[in-house]
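Structures given as structure tokens follow.
What follows is a pair of complexes built around chain A, which joins chain B in one and chain C in the other.
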Partner chain A sequence: MEQLLQYTITGLAVGMIYALIALGFALIWKSSRVANLALGQLVLISSWFTYGILVQAHFPVWAGMIMTILFAIFLGWAIERFTLRPLIGQPTLSLIAVTLGLGYFLEGIVIVVWPISVAKLPVLFPQDPINIGSAVISQEYVWAAGISLALFILLSLFFKFHKMGIAMRAAADDQLAIQACAVPINRIFSLSWIFACIVAATGGVLISSIGGITSALIETGFKSFSVVILGGMDSFIGCMVAGPLIGLCENIGAGYLTSIIGPGIKDLIPFVIIILVMLFKPYGLFGEERIERI
Partner chain B sequence: MSLPCGIRNYSYATDTAIIRTKTQWTLFIVFLLIVFTFPFYFPRFWLDVMNLIGITTIAIIGLNILVGYCGQLSIGHAGFMAVGAYTTAILAGSYHMPFLLALLLSGVSAGLIGLLFGIPSMRVKGFYLAITTIAAQFIIIWVANHWTDVTRGSMGLGVEAASIGPLIFDTEASQFFLIISITVLCVLFATNLARSRIGRAFIAVRDNDLAAKVMGINVFAFKLLAFFLGCFFAGIAGSLFAQWRGHITPEDFTFSQSILYIGILIIGGLGTSIGPIIGTVFIRLLEQCVTLLAPLVERSLPGIPSGFATGLSPMIFGLIMVLFLVLEPKGLAHRWNLFKASYRMWPFSY
Partner chain C sequence: MLKLNNLEVSYLNVVKVLYGISLSVADGMVVALLGANGAGKTTTLKAISGLLRIEEGEITDGNIEWNGQRIDKRSAAEIGKLGIVQALEGRRVFGHLTAQENLIVGSYSRSRARDVSADFKMVYNYFPRLESLKNNIAGYLSGGEQQMLVIGRAMMAAPSLMMLDEPSLGLAPMVVEQIYDIIKKFNTDRKASILLVEQNVRVALNTAHYGYVMENGRVVLDGSADYLKGREDIKEFYMGISASGTKKSYKEIKHYKRRKRWL
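The block that comes next holds the complex of A and B.
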């Protein structure tokens, strides 16, 4: 029972970070119907950039955070401007493939610029563990979960009430109609990529301040896809519900199944969940099922 | 359509033939002759590269059926190749099955696994399906890594060189003949498949699956067939890869490989029969150039970071993939067709 509590709490906290990364995906999907498969690589490159600023260039933490955000803004703008914008109106396949190529490119850059494969960020949060009942959790996790919750609320409010957020939702619904209403669609796409990169960078810094920077961050990106799929692609609330769910499944499953199936089962669970969701509820828990017409 | 001036078809048979004029026949035979005499004037190193090109071409042909013709995006092709490779390693290694049978069974087993992961295509498409195949890739490689009783995990399995009856393919040259012969057969099969009822149904499903359904095509059955055929070719490629390499580990079939295959197909040209070949040759030769040139550049320019040589190839490849999608989405096959057309029209291009 004590173990269960421990698994639950760790799972929920890790899941909140997955949810944050998944938010970056949902943002782009919600406004431009582009599936961003370079998510893991975006997380990776922004973590390494933070490392470069904080550790290699010895900037203070606050300056480093600002530079990381600026870098994310630039990255988002550049990606949208030079790869996605020329592809507006192309089939889904090209849009997916271009993000794959982009991911490959970013991975190459990371290898060229930071050939060391493992690094650790400086301590960003207080490290004292917190006791919840009989379970112990590192304070970093609580901070990470709190930050991702705050970002989620901010983004939801933005999409719900801000003029640009409403325009973004409209853009996802019907690109032609919104252009006819004289809404600058290029700016919307650009902005959604910038937001997504900021969210990915935040997720990257949080996760790598806890677990260090390795190429496993790319796999974390893929695990976040299971969050997106389970929650439904165009739903923020879906991300926030599915993230902790996936974290729970992963940790509880790993806790109890490792002795039966063997080590490493933890990495398999999110992908099995993807397959199961695809088979039984392909549009996720909160996703909107689209009815097609000829 | 693509006939030179003044050539007419007088019977249905000549109209449907792939190779129609005497010039084309001559060129084709000369091409085959040149290809099959490669071992006599190329050193071993380049034969090895060509073997890899042949194997990759087979895998890409499968991917082309699935993605190019049927429009079902699969980003787990390396995983399906792994299924074929491990089947051959186990059947030929532990059970001493004859190679040709193991080759066929590898194709079938990869095809069946592909069918399994293709089932979600009944209800979803586009990005959802892409994610499913990514999951397939990770699940297959996870199994290869952790089912240690059968696959020996990251230690990998040793595979003997293929043998058919008294012939043993244990040198680069003999491997070359084996691989290229199978590649030619696969190209022929895929080219003809694309012209058949099945190929036309695939294209209909790709272009508009609802309209295809209205036309009386059993969309789900054809999607599953595309998954089976595409993964069958992946299995064949994996099987050849296993006996060519002599030793396989899960590291040979990573997710990066899957992306590489998608990239090769896009660079070559989706939904064309020549595309997979051109794309594979282009990318594999580029890879060789990078591996040969990167150390030279590194030595002559001492200031560049130490990860340059390893990072260069994914960087260049990703860049090329993006550039092709943005600037030449129809791939090199389109350029090749334009070249042929202008050659045919010359000197009167109207």
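The block that comes next holds the complex of A and C.
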């Protein structure tokens, strides 16, 4: 029982980080219908950047965090400006292919700049463990979950009420009509990539402060794909439900089944769930259904 | 005052669509742009609103002036800020947004919140139906409601020139009449100029003050609405009324068309 509680809490907290990273996919999908396949590499490069600032350049933690956010903003802007904007109006498939290539490019940069394969971030959060009932959980998890939730709420409010947020949702529906409304569409795409990079970077720092920086961060990106597919491609709330759900199944399943089946089971569980869900809800749990009046 | 001077447009540098169009829309006027499919009416609107470039179209010659300033090199967003707004053909609402959110996007170029809330009142005043539907998802509205929403969205920009592309397309005659009444009212209340593209020539000429007839990328005829309504050519080719004044019956399959005099 005690073990179950432990698995549940850890699973939920890690799931929140998956959800946050998944927002980096949903944000771009929501405004431009482009699948961001470079998600894992965005997580990776921002985590290494934070490492570079905090460990190699010895900046204090607060300055490092600010610089990471600035780096993410710059990265998002540059990606949109130089790789995607020239392709506006081209078939979506080419845009998706570009993000795939972009992913490998970013991974290449990481390998060149940081040839070490494993590193550890300095301590970012207080270390005293918290007791929840009989379970003991390290504070990092609580912080990570809290930060993810806060960012999620901020973004949701922005998309629900802010003029720009509404216009970003509108852009997904009709890119020509949005320009007929005098909305600068470049700014929409640019902003969606900036947001995506910020959440990916934040998620990256949170998860690598818990588990260290390795190339497995790219796999975390893949897990976040399964979160978006499960939650529905463009739904923020879908991400926030599907993330913890996947984290939960993964941790509980791994906790109990590893001794029976083997260590690979942890990475298998999320994908089994997705296949099952997709059979019954092809748009995901909260995905926007295509509106077609007949 | 909008002026097009000898405007030539081609798509992809190959397909020439407009061969030197000149037209003008004076302040406060309703001007109709008539013509068959493929005459270049929509292209003319897109050239004005700056949407042409997005579709690989290019102005190869001539220019467009708005109150004496040249605007043919500007982006769609800049042109929108000057108060020129185009409502696209085919009821292109943002399907997943609510009606109210659609209107908010329409007001994007307005910088002051107070103006925007006044504009909401105005639009709901013109289209009371939209107010009762404001929290409904736009994609599920009826065709007439969607067209109202598209026009309302254009009104939210408080335009000095509103360009409407076939507002009557696919709507019941009753609804068409309703929509045109509102367009007329908007024109008189707000002193906004309106440039209409329309296939429904009768309705368009009843609303407009002036009209241009386009064919194959050229303006072939222009004049006041009353003059155009009286022309035999217009009656024959666009209203389906033959020279004798009776409606043409499609039962008489074999018939001889009048020659178009303007060609």
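Going forward, the second predicted complex is superposed on the first by the 290 of 294 C-alpha atoms of A that agree within 3 Å, B and C clash if a C-alpha of one lies under 4 Å from a C-alpha of the other, contacts with A are read in each partner's own complex, and residues count from 1 in each chain.
Please note the rule applied: a residue touches a chain if its C-beta (ideal position, glycine included) is under 8 Å from a C-beta of that chain, and two chains touch if they have at least 3 such contacts.
Treat the numbers as computed from the prediction; the structure is a model and nothing was measured.
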item	value
Which superposed partner A:35 touches (first chain B, second chain C, both, neither)	first
Contacts of A:92 with chain B and chain C, given as first, second, both or neither	first
Which superposed partner A:163 touches (first chain B, second chain C, both, neither)	second
Partner chain(s) touched by A:274 [first = chain B, second = chain C, both, neither]	first
Chain B versus chain C as contact partner of A:183, first or second or both or neither	second
Chain B versus chain C as contact partner of A:107, first or second or both or neither	first
Per-residue contact with chain A, leading partner among chain C and chain B	B
Intersection of chain A interface sets (partners chain B, chain C)	293
Touching residues (chain side chain A, partner chain B) in the complex	35, 37, 82-83, 86-87, 90, 92-94, 96-98, 100-115, 222, 225-226, 229, 233, 262-264, 267-268, 271-272, 274-275, 278-279, 282, 292-294
Chain C residues touching chain A - in the complex, by the definition given at the top	49-51, 54-56, 75-77, 79-81, 85-88, 92-97, 101-102, 104-109, 137, 139-140, 153, 157
Complex contact set, residues of chain B against chain A	67, 71, 73, 75, 117, 119-120, 123-124, 126-128, 130-132, 134-136, 138-139, 142, 145-146, 208, 210-211, 214, 255-256, 259, 262-263, 266, 270, 305-308, 310-322, 325-326, 329
Parts of chain A lying in touch with chain C, wherever the complex brings them together	89, 163, 166-167, 169-170, 172-174, 176-185, 288, 291, 293
